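In what comes next, subunit A is part of two complexes: it sits with subunit B in the first one and with subunit C in the second one.
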Partner chain A sequence: MAAGLKEEKVYEREELASGTDGVAQAVRLADVDVFAAYPIRPYTGVMDRLAKFIADGKFDAEYIIADGEHSQFEIGKHASSVGARSFVGSSGTGWLYAMEALATTATDRLPVVALVGNRALDDPGAFGVEHNDAMLVRDLGWLVVWASTAQEALDTTLVAYRVAEDPSVMMPCAVAMDGGYLTHSEHIIKVPTKEAVSRFLPRYSLGRRVMHPDNPVSIAPQINEDWCMEIRRQNWEAAKRAKQVIYQAYREFNSVFGSKYTNPFFDEYMTSDADTVVIGMGTVSSAAKVAVSRLREKGEKVGFIKLRWFRPFPTEELRKTLSAAKRVTVIDRDFAHGGPDDGGVLYNEVRAALYDSANRPKVVDFIAGLGGREISIEDVTKMVELTSSSTMDEKIHWIGLREGTKGAAVENRRQ
Partner chain B sequence: MSESNEGGKEFGNAKLYTSVHGIDLEEFYSSGHRTCQGCESALVMRDFIKAAGPRTVVTGATGCMYVANTSYMTTPWVVPWMHTQLGAGGASAVGMAAGLRALMRKGKIRDEKINVINFSGDLGGGDMGLGGISGALNSDYDLLVIIYDNESAANTDIQATNLTPYGAQTTFSPTGSARRIMHTKWKKNVAAMMAVGHPNCRYVATACATWPPMDYMNKVKKALSSGGPTLIHTLDPCPKGWDYHPRYSGELGQLAIKTGIFPLYEIVRGEVRYTYDARKQKRTPVREYIEKQGRFTHFIEEDFELVQARVDEMWNDWEIPGVAPVKGILKLAD
Partner chain C sequence: MTQNVAENEARKSGKEGMDVYRVEINYRGIFQKRLGYNISHGIVYAAHSEGKTAFSNGRYSDDPQRNGIPCANFAIVSGSLGEEELEAIASAKMDVDEADVVLVLDDTMAKGLEPWGHYGIRPINQKVVEGGTILFVSRRKPAELAKLMERRPFTYRLAVLPGDRSFAGLWYQRDDNTDIRVLAAVARVAPHIVDMESVVRYIRGKFNDEKRVEAAREAYDSVAVSEVSPDDGMVWPYEKPALPAWQDFDEGMAVKSVKRGFKMGPRGQNRNPDFRRGTSRSQRPVIRFDTCIKCTLCWYDCPDECFDPTTDGLFDVNYEYCTGCGRCAQVCPVDDCIVMVDELKFDSNSSPWEDYTVDPEEYVRRMEEIKGLSREVPSPVTGMGERILERKESVPFKPKGGK
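Let's look at the complex of A and B:
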């Protein structure tokens, strides 16, 4: 906000809100035209809230209760194809049930925004958070961003539409949040005014690709080997452009709402002179920040990075920050069985980013908090300690694992 | 053929065709496709969009009418057309209809009647997409789903679907020295299943693009003027999948109806009207239909008799002959 202007009202009120409430407010404020719902914990709260908005006349949109996640996400995709701003969401195996629609929404370059309330994949059933559901779209042409507070969920959803619908991007965006820890926990948020949101977020236009009788186009015909590579390349370039659009979108967001997103891609906490930098995504940031500040009090040079945007991945930015450290502690709330060095997904992404760096810090991986198990302050403290003490043969640690259930023990029991 | 024009000259807001001379010459499904000679599914495409006219948006589920129709830069579609996934036919129509309704209500686009049509094949519509089409038919959107049924997965090399008729040879159900009949399932009764189970559905019809003349196009017009979700199930003779010379497509369609193996009717708000009444007409023996197709060359006498008995049961014993087998399948316990 320019100084000297009469104070402009950009927030209409404060309210107690969960992460899903934050997203619901953003969907309402973004004047979404179509949203489709299907129940699965823990993302569903957003649809409950939106349905109530409709029932109370606070929101004007077409609301469809779908017959399954595949239909739900296809509805969102095809609504987007006629030029309607659309919203969908899911969790865990529901997200996977929609996977075909997720893939084609991306390859059709339709800027749908979806909430993924991270949940462990069945089987056996578990409601709690794991990041594998959202990560399954990481290579498909989705933008993927993690929110870690309800306010950030609201803000990020608005930014998601702004970036996804940018004519130079035109990619769908998944707003991810930790199931339970954020979907179901509340804090006070500031709800923007509709006027302020409409200043930030332009109308959605699909341009020459819109499905309308005035614009007789054929979308997604068979291409085979003739054009597939060129189309993949276009999408690859759009993903690269998205990085600059994300910077621009946050600058605009800060200017309209007076927010302070200095680095859109990740937040840094006490990293400037840190020897050990902890990196993680989502609500683990709460425990990590407390652990870091306690270690700082003891004189240990530790910092924390909360990674927000996972796709596009902020390679250069992370390389710059992390290569200044001696050690990197990666918290993976995911698994990647049989992957390089048997590490988690984020671990290998971080290592790949650091490979071209002149100074390659030691990177140690901590698989933790799967299925919603808590990652405590003590857990993070232990991770920092283990990062220092681990040899190169001990790069992967499981934290918070019940004693006696490691592989060997399971093998023994089978005798 | 008086039965075929039973609906009269108008149906709701729709003006029906009463003569082939009254059918517009302009094509909205034009050159550029590479469907087979004698392809009846291509005729289903051409005729539905002719009847619907240019203020229409179309999605086509994966199937032969995707792969054979729309190669990049040679599209035959003069109206907006978009591919949708094999099982997403119903959802694609709901998404477009919902989007258009919201945009019109909010004044973001001009308020007008835009037809929303999806076509899905027997694999997409009758099997994988059945749940999504069910969802669409239970919605309150104006939309039409056409299940174009050529009785096999005709694009992927003729594999059996649940709409493939009893006994037919396909690449998934070849005849062999140990098993003469591999495909022992009976064709799903898709149209009636959808009509019975969806209180919101305004119009359901079965059709054949070639016969009786204008019947299919008029059914498209009726569906689009019904003001709600609607379904048409077409039977499309397929020279490649059914193994016959392309010149016989029209004749086989006609025989399917005249033998009674493919009942022809429409259901308007729950009321069933035959558009060819195989109860009253003397039904042609099914043998005449079956033996013209290479996919049944392995049939022996007992197979013809079995199929004939089923067709006779459908017309003689069903609660609503040819449509709803309530008596044959369900009955009240004593």
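Let's look at the complex of A and C:
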């Protein structure tokens, strides 16, 4: 830039914001046309903020309150089909109530962006974080990305629109974040200017698929065995193309905002010469990083990977990084009862990625932090230790669980 | 002031050698929610303006909030750590393990907190660290508050900012400067977290109003600080419930419930022993059994079913479960028969009807002495702060009872 020329401001101010505030800011900045809502914590935080933006004249959108999550997500889908940029969101049991709409949004290839504020699945009613809600769309043709700071919540929501609406992708995107720990924790973030965002994010266009009286189309007709497989194949291809679009989107994001997303798919922390690599998603990264740096101070070669994009899964990239290690510690904030080796979801995804590798490290699974239970620095340190000491029969560990010996549950079952 | 700074310097070189400070803000659910957030936000913005790293959060498990239930916000501040390090150490937690400053926006919380079922009744000073400060907004003397709290094995400080329990920020409630007054008090007791200069900068930036700055300075000067030693306070009478291990309860989470049961007299109804809700009360209903006309309205209208019918046709109240909503006092048709009185004036939750039947005249004398002649309007949401009515005299004792 020539001397004397004023550099264009990309951030307008700093403000104290929770994860949901960050998302709401992104929705405002992305100039979303239709915002469909049904209250559930933590999505309510986004609703409150956007209502305030509209009331203050800072945001112009259709704010539609639905009679439940199923209708809410249908509204988002239909709005998207007429060419409106739309936003929806829920968490836990509400997300599940929307499941039919979630599935059809993906098969209709409509680039809705949705917040899923991770929350334990009822029953019993619980509010704390568990990743199973977001993971339920992992096979449906949704892009799934985890944000782990309030700034990332804002950035990621913008990136989500950029990727989802790319003509070569056209898939809905779920922005996941840990309920409570991120959605309700407030940090100082930088809020971009609208001009900078519009330079990054092009207008949404559905092209000739757009439903309009001047362009009559019928969406989602009934089909038989004559069409289904070809349709799935198109979607499969788009999910593969999404990977390159994600790289491109972050390159563009970095160039506009000067951010430092070097690897869009995951952040690496002290992994280069690590014997043991810890991998996890969401806010657990805070505790994991401190645990790793403390172990490094003791001379132990440990590193950490914060996985950001879960769909598409960065198979080759993870294989490359993880196969250089001797051991992998997987933190699963989810459960997958009766799955391969009774491990969690992430554990088996990581193992699958490593299967074709010439060097297959030992992979040990740690199910932790379910229902919002805290994962401490000490917990992560213990995981690293157990990764070394575990035998082949001790692949799965539950951490932070109240262990007893009485076995009343077993006794009662027999009665 | 200089001594204060020296003390704080000493405190800084505390645990882990890191200057990470935690402020816990205890407030009444719903009624003081906005106030609590204004204070935690104010601390973060003020600290940020000093170039410190800071963030805040609310205790996630408090939501959805219920009227009067004790809730908490946190503000975490560090002068030396960056955002990522501070977050790693202090973020992604549901609750703080300890607090350098514990703020209490309603002094009746000194009697204990029960934010959720199976939490047990916890002492308000549970999180305060050695040398830390618990700061009350209160009209009480420090000694009166100190004796209600749990005895701790170390010395800490007790500060009192003169003021009433405020509902400022609730719906249409008038702003009464409680938030900025509390910020100034934090600057007074913990300038290593935020100093007065940055609090003033924050107030000017937000309100551009010198009157508020004056109010803050007045508050700064009016804070009274004293020490609480290991001899002060009480041995905590409530146990923390122990939760079972995963092998030790029925699958499918079918929990034992309270069997329906009723008999006449005090404590006659079966109630949930794991969640008493009494700690959500700022005022308690005081009943003049001698003027009661046995109309049943208090018993009928109580939203928490706290009244127990007695064999003599009266209605005893169970203070362990009463949330102090004031509904009974509102519906009672008899002049001055049920009156809401500051909870801190009482030290027992025992049955008032039993007290009354032992010696009716003595009970009435004692209650009138506690009540005095001032009557706070018994609505929790008055819109204008507390309205006080002065009576000329108390209702005389009726030895033959009400109509």
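Here are some notes:
Please note the rule applied: the second predicted complex is superposed on the first by the 398 of 415 C-alpha atoms of A that agree within 3 Å, B and C clash if a C-alpha of one lies under 4 Å from a C-alpha of the other, contacts with A are read in each partner's own complex, and residues count from 1 in each chain.
Everything below uses one rule, namely that contacts are C-beta pairs under 8 Å (C-beta built on N, C-alpha and C of every residue); 3 or more make two chains touch, one makes a residue touch a chain.
All values derive from a computational prediction rather than experimental measurement.
Once chain A of one complex is fitted onto chain A of the other, the partner contacts of A:Met229 are absent, as it touches neither subunit B nor subunit C.
Contacts of A:Ala352 after superposition on the shared chain: neither subunit B nor subunit C is touched. Applying the stated contact rule after C-alpha superposition, one finds that A:Ser185 touches subunit C and leaves subunit B untouched. Touch criterion not met for A:Ala55: it reaches neither subunit B nor subunit C. Once the two complexes are laid over each other on the shared chain, residue contacts for A:Ala287 go to subunit C alone; subunit B is not touched.
When the two structures are aligned on the shared chain, A:Ala101 is found in touch with subunit B, with no touch to subunit C.
Interface residues of subunit B facing subunit A in the complex, by the touch rule stated above, are 54-57, 59, 66-67, 70-73, 75, 77-85, 87-88, 90-96, 98-103, 105-106, 108-109, 114, 131-132, 134-135, 138-139.
Listed in rising order, the residues of subunit A touching subunit B in the complex are 31, 33-34, 36, 60-62, 64, 66-68, 70-72, 74-84, 86, 100-101, 104, 203, 211-213, 215-223, 226-227.
Note for the complex: subunit A touches subunit C at residues 14, 16, 18, 41, 123-124, 127-128, 149, 178-182, 184-188, 283-284, 286-287, 289-290, 372, 374-375, 377, 401-410, 412-413. Those residues of subunit C lying in contact with subunit A across their complex are 40-41, 44-45, 48, 54-58, 60-61, 63-64, 83-85, 87-89, 91-94, 243-251, 253.
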